[in-house]
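Next come two complexes, and both contain chain A; in the first it sits with chain B, in the second with chain C.
After this line comes the complex of A and B, so read on.
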């Protein structure tokens, strides 16, 4: 068992390299279980014990499952505990089998390496010629090549095959996009006179309730009356962040002199980078931070980008105060909110912008 | 009893064989040899986590409802009472709280997915650094590469299914990225979401992709991957008795049936243990998807972090110039396209094509079945470490807010550091790694030529001191001298004998340049002649070095014993 098994037929495989001869397989050290009968028996007992452990694990898992009957399903901690015990039982059940089998293989099965030849993967020249001949024969039989070149058949078949998938693909792709009305991005629920309301309860906001330094997460009033599907789609576009600054800190943007009210400004909450909600406001610096990719916008200065991957400022919602003292929108946003896309400055009705000026 | 069983087995075998000629297959497979090494288990971990994914996934499909219909939660979890949510989210809560063991299976599924991708990537690294992708395995490298991409797709589609706040935001980022595609971006977004984001179609569509399309493709490619492993026979590490024309190992049955089969249970067991002890994706804390809230420190699963890192790193304004351009009224969002599409495409494209790139440099057309020690291919090893460095930078940047919090650093500083680091650190890593490899090769040469240091110093009668070196045994020697000694390609001149420019010269020039990059600076293995010369030299220099060392040692021991006597006497 101790000397390496060299069979002469493999010697030819051992090419020399850089002038050195391959010494062949090294000395094989026998294991204790190979030479000592006691060690052999001990290993056998260990393997059996590991398989036994597995069976025990299965019992633990089943026991934990049935103990679940007494648990309150609303209590997360006890649910977790039961799951933990089922998991630990499963762990023991699996690891016992696994370690047992591996220990068996390592101590009691053959560990003396054997050698086998490899064969080049390339087919023999004969096989290759045969393959080519067979293909040629096939082409000849079909009439696509050889004496009769049925080029009309070839051409019409290729055409038919090329366009056949369209019968399935066109309706499939055509329907998958829903209504394909991509100019929907341009509009939100905001419009003249729509009140700004708190997210999520929908209560309208009075200008007097907005103290300096405070932040409101805002939705258009009436959003919550929509059905769930429309609510989510519209909310995804319409969410706004309302902030009141000291009017002395606020740099009014050119052409937007009447878009704010006494230091209160409203900006779209959807990041102009890839569309995460820009939810983190830092009172001291007037910076708005997007938690997804850290685009940072300066609320005091037209929500311009001061750091991060966004390029454009957040769109501003022009606001005013109605007769009852509630904050209302003057109009919809004058540009599509959210991430940039190819034709965001084209098509649709660009009139919104003209109206607001 | 035994004979009865035997005859029953023989009868069954005969029955099956007469109908399938399975005997031939069994003969071929049963004693097929596989080399042994711990690093060959990495691929197995990936395979077994996939099996665990299939098993736990089947369990989950029994309870998950892939629907975006609105419901109001009425289950036992009090915090969510009456909250409007999609059926997808409600059924995820139900699976967690009301299905016995459901939470465990969810966690097993999620942990197994993380392990699946980690194992694939580490396995790829093993294959890369040992050169296991060389002929004839280039196609299998591509199959494996495709499996990694499919693994990412499987992970992402699954992550989005519960329709919680985090996964919804993840989908919104995907939507934002898609919209950044020039010309057709908005139409792809509509095609994917069935209209305006988020719509009501995306969860059922992702569900079909996640449980049918992607795993079906993975299963088919795993079969192809393993078929090719059998066809090629496994690679082996270098050593005595191993060559490109043989395979040294242990038989599939019973040794690897037990080891590999057992290892499946070990992987399953470990996943079960981790899943039972560590909570993952507790969606009941996040709440159902709502486009408004998002919390700080939101993170995708780790395998998506590198894209997120790229998105975080690429600035909207670069040296005062915008990276989003408006050309003729159309918007081109380079700040999305470059980080989310161009860089990943180049990175993955390079990985996919790497076997061919290296083959151009070596010009070697032979089959390679003995693996490389990473030090023996310094440029490849350097490239590998540079790519890992690049990837790790992106992963860290992808969680820069958490890193900033953990180490009390400025978020902006981390981003600025990596914006420079991503260009500087990978080349630096390449250079350092290559130097280390060359150093290790020099060390190998030194060992081969001069042998092991023994620590025994001998003084000659004429006063010279030498350290006795012990020559390497034949196995140690072979390991250090049996590597391919590639030299830069030499190409035919541009003009042929008739003074006419030949075809393909430029391509040859390119390959030559590549080859120089790889092999210009190299440490050549010690040849037999060099070794002969060195030994001869040693013998001349120290004709009886070893004998004298033995003599010196004996003298040492004698002195020790004498000292012991004297010392012992003194103590008494």
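After this line comes the complex of A and C, so read on.
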């Protein structure tokens, strides 16, 4: 029993405050292994078995390393086998020791209750005064205050503390890149006469090839000629989904009468919620589902949001057909693609509907 | 159907090539032919007649005796082609057992011969996609790496990155492709069954379709990452981590803290 000495003096004045009587210690129930010699032996065997399991695991891991290790570098399965058996062996080796030690302590080691009474959290008055005096002495000795002031030291310390974080912050901010021109989000590779091409091979698409119920995953023609870095960032903005509906099903949006061609419509594939590629197209309902947060857009009705957290319809790419029968863009998107960001509506061509959102 | 799929083990591809060449030379291969050869059997007038009888007995209650469909009940089958029939009936999706969000695959209700007869009759109603030849769907002839590119762009968003399937809206789902036969995969791309869009030959070329089949066939080599948990992504993985693994951790914590009996 390790009860602090002063606890008794508190007990008398604490208990009436709580309004409870001290219930004392609970009944000490002896463990089976304390009273039954058989149970004691059984627990001992269990602990030994757990340590034995650990030793077995070590053997398994070493066995796997030596006898399964003739792996064929091209065969992922064989690598997996080695790793799996080494992993299982090491797991057993560790868990066996851990469980064995706990079981040993719980069943066989001395079993007795210990109590420690609460004491007041507040330090004694002497200790509190001493701490304050230490602080005062520190200020006096350092010269930051008191009789002898060392203003040069004080100034240089504050300067050092103030600029110390820059060593971390400057590289962090510098790595964000020097390009803060968010108006780039407004523009994609699409423009008048740019042909719609198949992703990923870049073959241009004929209007006649887009049969009803078809869905094409589209990139602008020429995208694949860019170097890798530009290709990725331009592709991320320009990807488009091209769908042909029965013209009877298609509700043409006001002001967009000439943006589709004979039931063929093209919409940005970048979700207006947080920018995932929206590409799960259900042919029968004409619904386009975003896999990230289940925003659902109705392709037959201007890609309006019918479900989920997205707030705006997908931007539509105005398309036409050129003299050779290929589908081309009439212009770039008339609004920034993807999720909202600051300055999104700057530039004067935001529609009234968008501003009301 | 299975006879065609089995054919690739017979190494029938060279024979089929010769047959196809002969067909070209003799000018038989007419593009507008309603039922281009299904590689093994030319649909005879008898097949068409048998198919019509089967259709009247098993399909007409929804699709109508003339297969024109009924609004809100069943679509018209004029022009859907033999490929659509072979897919829908050959995977057991049709005849549909009960109306629901979508018709799931179930045990096939007809023999291969009956399916061929049904396909012959529906194909005779109007030109549509034909059943692919064994060579067109042979995974051995496809390029699995290119198939992965095509699959990733066109299929993976619904069917998952290795074709394990995934959820859609309102009870619909994209089924797993891991047990689907190459011919049925090809036919599904060609005809766009149910919610699935059509991937015609101008969109995903016949070679690319075969590459996709090769990519999916490659998945039968097993999952290099160990337990695939159905390969349906974060749902099954999350269930495993949160319920099974976290449950084990909680159980062992309780055991550590519990007093020995």
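Definition applied: the second predicted complex is superposed on the first by the 248 of 357 C-alpha atoms of A that agree within 3 Å, B and C clash if a C-alpha of one lies under 4 Å from a C-alpha of the other, contacts with A are read in each partner's own complex, and residues count from 1 in each chain.
Everything that follows uses one rule, which is that contacts are C-beta pairs under 8 Å (C-beta built on N, C-alpha and C of every residue); 3 or more make two chains touch, one makes a residue touch a chain.
A quick note: this is a predicted structure, and the numbers were derived from the prediction, not measured.
Colleague: Of the partners chain B and chain C, which touch A:196 in the superposed model: first, second, both, neither?
Modeller: Touch partners of A:196: none, neither chain B nor chain C.
Colleague: On the A-aligned overlay, A:31 touches which partner chain: chain B = first, chain C = second, or both, or neither?
Modeller: The answer is second: A:31 touches chain C but not chain B.
Colleague: Contact-wise, after the overlay, does A:110 reach chain B, chain C, both or neither (first, second, both, neither)?
Modeller: First partner only, chain B.
Colleague: Between chain B (first) and chain C (second), which does A:307 come into contact with in this model arrangement: first, second, both, or neither?
Modeller: Touch status of A:307: both partners.
Colleague: If you stack the two complexes on chain A, which partner ends up touching A:343: first (chain B), second (chain C), both, or neither?
Modeller: first
Colleague: Just checking: does A:173 make contact with chain B only, chain C only, both, or neither of them? Give me first, second, both or neither.
Modeller: In the superposition, A:173 contacts chain B only.
Colleague: Return first, second, both or neither, reflecting whether A:274 touches chain B, chain C, both chains, or no partner chain.
Modeller: In the superposition, A:274 contacts chain B only.
Colleague: Which chain, chain B or chain C, is in touch with more residues of chain A?
Modeller: If we count touched residues of chain A for both partners, the winner is B.
Colleague: In the overlay, answer first, second, both or neither for which of chain B and chain C A:329 touches.
Modeller: Neither: A:329 stays clear of chain B and chain C.
Colleague: What is the contact status of A:82 with respect to chain B (first) and chain C (second): first, second, both, or neither?
Modeller: Touch status of A:82: first partner only.
Colleague: Take the contacts of chain A with chain B and those with chain C, and give the residues found in both.
Modeller: 76, 79-80, 84, 102, 106, 111, 199-200, 217, 277, 279-280, 291, 294, 307
Colleague: Tell me, which parts of chain A touch chain B in their complex?
Modeller: So the residues of chain A touching chain B come out as 4, 10, 13-15, 17-20, 22-26, 65, 68, 72-74, 76, 79-80, 82-88, 90-102, 104-106, 109-111, 113-118, 120-121, 173, 176-182, 184-185, 199-200, 217, 219, 227-229, 232-233, 235-236, 239, 269, 271, 273-277, 279-280, 291-295, 305, 307-312, 338-346.
Colleague: In the complex of these two chains, what residues of chain A are touching chain C?
Modeller: Within the complex, chain A contacts chain C at residues 31-33, 76-77, 79-80, 84, 102, 106-107, 111, 198-200, 205-206, 209-217, 243, 277, 279-285, 287, 289, 291, 294, 296, 307.
Colleague: If we count contacts the way the header does, which residues on chain C are in touch with chain A in the complex?
Modeller: My answer: residues 149-150, 153-154, 157-158, 166, 168-169, 172, 174, 192, 194-200, 202-203, 221-222, 224-226, 255-256, 259-261.
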